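Below are structures written as structure tokens.
In what comes next, subunit A is part of two complexes: it sits with subunit B in the first one and with subunit C in the second one.
Then we have the complex of A and B:
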């Protein structure tokens, strides 16, 4: 790396304290892991963590896109659940439809996301309420259809969740690719940059000729799409559709967004911070498992880290 | 060949019940679920897993989300403390009811070089792929409380039968009402396989009594508070005198139902017949008030039994594919029915001097959840 390039990087990092905080926290976790366990610092374990973080990663990308335009999506967990049921139930009856159903499920998620955005936009109701309502409708419908895990997928489809290419998990590669594509989109495409403009000030964006409504619809559709992708991943990982699998995902998808320094009011933040947030949460959980620490203590530690990170952002003048 | 087959079955019978006999509280005969099971129980050759020890066992727990699960975990710890000479390291993870976290937990345990995976699956189906992979990796799996779909995904499954528990308590209810009456069903947590299996088994029984009318079925999440709130609403709607019986799959919510009747001014023996074991508080309410009652514990001692069986696997001892642990049928005096007799009468079983929160059937001597502590390997 040349001097000018590293100076550029440092300058970038100085401009974005959230990235420094999350990198610092990541370093603490990794160093602690090396010190506390001789099995933590193996490539095999890091690849496992990458694989395990994929579901949360997909869901967090969608949540981040909605947060950047100034919204929030509380239906992500419900879309994940509905997607797993939809996919596993159909494929169980028609195993030949496995490949088309992957795309069908992603389309299904994107359509639900589109409906969320459309209702919020047309009615003026806060997206928090709209997506909460959608979540309730989806969860209720799923539980009317089945109370227990149902359906199934062909054995080979497990490879998406568990398979490796040159020892790198396929699901992890897909997740990293998604983050890279969205980062490029938000940074170098006009529509992508419009996400920040709409999130920062919808009125100013409108006056500058940006079609805010289209951007908002695109953000919510993307959120539904990535929630469905998380659903596809969970079907691959569990082999069934599960009516409760998405329950913890909604709040979990917000945590990396906050840790990654995205501002809940919208308009600012780096999607790569969200990726680091996802990896931080997954590595932390992994390390605490290695230390044989109870889940309840894990919650406490996770909560403390969120508060520390957010406090630092606020201290830097970036209110969340 | 035939002789060998029957010898295998006999061996399965003996080793399949021996640990259960050691752990049972009162009734110490062969587990009814074993005696009445119309299927055969395979014996698994575990010689390929045999090692010298001390062993590293990983325990992937589904949750400690209610009183029963807390006691079950204590039972697992108790089982480990009884095998300190054989277990060198015991690593625990808790998935908080999330099957996807549990899959990650299991991967983390495997990376720590465990010799055997003991698992209480969060759901019956979702863990199948990862447990299959664990077995193919050469690490034996013992499931406890819930099994997974494929036989090839585990060596042995340790249980007290949900279906037997529900069929017996439902039969007792139907016969107590002489086959006629309006009843309420209070199952546990919607979607949880034990709750669904028990509910389905109970409905099978009630369907054989055309005079039994199920006026409402409400999931309670095995919570006393939910049980009370839900039953109070049903009493408000139907009137207490129009409810002839309450079938609960556990005393956790059953106790809440009894308290709702008391809150509505229905006292003593006027409280309609109730079912539901596990919680000492439920037994205390039944004993104090004298209403017809049948309680069957889904005994948390399956935890210790599963640890003992895990050690057997690692020592290469043949184990049954399914290990049934005994349960007790507890009935209030004078309320036995044609089909259902008491193993223990209520006054002989209830612990009036112990806390109401106590979960029965732990198999741990002088068990007190608040002060429970045992020596563990690490």
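Then we have the complex of A and C:
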């Protein structure tokens, strides 16, 4: 009786069992935060964490969409870097183009993502290799252009990262709305649902009349788009284009996706889980900073959390 | 009609397959030819010795990586393990060359432990290889940095210099060591019954189980081989570089995967030869060398590497 009831609840809330792990970890972090530090549990701190997590959040949305269709995008960091350079360099020369360049940068990212998807699709090469290749090409081009932070944007543009509406950071609001939109898209739109079908089995999806190729192209373009959005956020935050800023983002963007219960190999997962993953990672590093725990130990903790999250709930079947 | 088409496409794919066998050596010859034409000093004894010395550490990693990819895996932790092996070697602060075998034995044992954990996570917990080894990479990195507190100190016996950069009768010592391992592992993979088990497991783990092969055990052994080779490669690389830092071998994990793909090892498992993998490592090093010798900026290495990865991987995926 209890069993079926709890199962009903799980179904009702659309809770993937693996989502329970992230919720559990999140509650552990929050509770220990309130117990261990008096500065952790303040509204001010939570808002700061929300602002700081935006970059990772944007990158993870893109990664999640690619992972759902059964791929992986290792070029996200390179796209982030390239978009910060592209934006800062152009705006530095033509300050009047600030607003159009935001959209230009997003388009630039989407185009690179499209290329990734197109190459992976046409050649049949594993997306891991394709995106690694494009990442290498992008990083090389960026580093030939500049070896140090360069360019600049008007001062007011930092409002995107630091500005507040009713005390809520604008970048955080944008991130939350992106998650909400993508959640609606994946859940209620035909194309969105097709993402899961394609991730589950591209061949079966194709046979049931879904244009798998288009869905895959859309996923990769979205990944590039959101990576560029993360780039725009970093430009707003730092005011320059930095040829190294994206390096840690690629692998970092995978962690929340996995914590959120998505499976490498595709076809499963809730994008809101990814949001929880982003918040978990950001709150955890925030708390560990308050506790004066060195970055080095934080790395170990992060690695162990990944192992726990993926090995406690055993995924049967598909692997990457 | 469609039968004819199918036959035809099977015919072409057979020809392509035949071609595929020669792509690796052909592209190697093509590279050497072009480089010699552009820069006659390319084939000078000195430069060839340099290339071989540089190629050896990467080639050692590639040998191990090949085993893991053959059983449908992937090991992202190799570079982190290389650096950890280097740091571990300095931990003894040894000055006499007599300590070298001891250092090697301890490194090999520790690396084997890492490989065992990777293998157990992948087989017993069904974690995707990408994630298990990614987490291992982060954990090792954290432990290493915590131990060194960011700046490694300690010294290595002088003999490491000879192992990493010395020559016997004009042949680089590390190349001789590579050749030694190449013969042993080549025999293991291509001549022993265990090698056949590896191919069967990589081709289809389930049917491997059905014919009485303990696929899990085979997979674990492959991960252990990979980690041990990475540990050894780390020691040789640190001998070549001459100083220990926390990032020895950075980027080797991706380069090793790329070399395997260039050498015709399929990421889907069960296909490819050790000979091809070694050639892939040589090709990759050649590309780096050619960029330098042509006087192009170092960053161009990244661009050229990216283009070649996508191109060659595209060629191979067509020949499946």
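In the analysis below, the second predicted complex is superposed on the first by the 299 of 320 C-alpha atoms of A that agree within 3 Å, B and C clash if a C-alpha of one lies under 4 Å from a C-alpha of the other, contacts with A are read in each partner's own complex, and residues count from 1 in each chain.
By our rule, a residue touches a chain if its C-beta (ideal position, glycine included) is under 8 Å from a C-beta of that chain, and two chains touch if they have at least 3 such contacts.
The structure displayed is predicted, hence computed values, not measured ones.
In the superposed pair of complexes, A:304 makes contact with subunit C only, with no contact to subunit B.
In the superposition on chain A, contact of A:171 is made with neither subunit B nor subunit C. Once the two complexes are laid over each other on the shared chain, residue contacts for A:135 go to subunit C alone; subunit B is not touched. Contacts of A:223 after superposition: neither subunit B nor subunit C is touched. More residues of subunit A are in touch with C than with the other of subunit B and subunit C.
In the superposed model, A:294 lies in contact with both subunit B and subunit C. Once chain A of one complex is fitted onto chain A of the other, the partner contacts of A:212 are absent, as it touches neither subunit B nor subunit C. Within the superposed three-chain model, A:60 lies out of touch with both subunit B and subunit C [touch as defined at top]. When the two complexes are overlaid on their common chain A, residue A:143 makes contact with subunit B and with subunit C alike. Across the two superposed structures, the residue set of subunit A contacted by subunit B and also by subunit C is 143, 294-296.
Those residues of subunit A that touch subunit C in the complex are listed here as 72, 119, 123-126, 128-130, 132-141, 143-144, 251, 254, 258, 263-265, 294-304, 306-307, 310-311, 314-316, 319-320.
The touching residues of subunit A, when paired with subunit B in their complex, are 39, 42, 44-45, 48, 51-52, 55, 143, 147-149, 158, 161-162, 234, 237-240, 242-245, 247-248, 282, 285-286, 289-290, 292, 294-296.
Within the complex formed with subunit A, the subunit C residues making contact are 72, 74, 121, 125-132, 134-139, 141-143, 145-146, 149-150, 254, 257-258, 261, 267-268, 297, 299-307, 309-310, 313-314, 317-318, 320. Of all the residues in subunit B, the ones that touch subunit A in their complex are 91-96, 98-101, 103-105, 107-109, 111-113, 123-130, 133, 190-191, 193, 196, 378.
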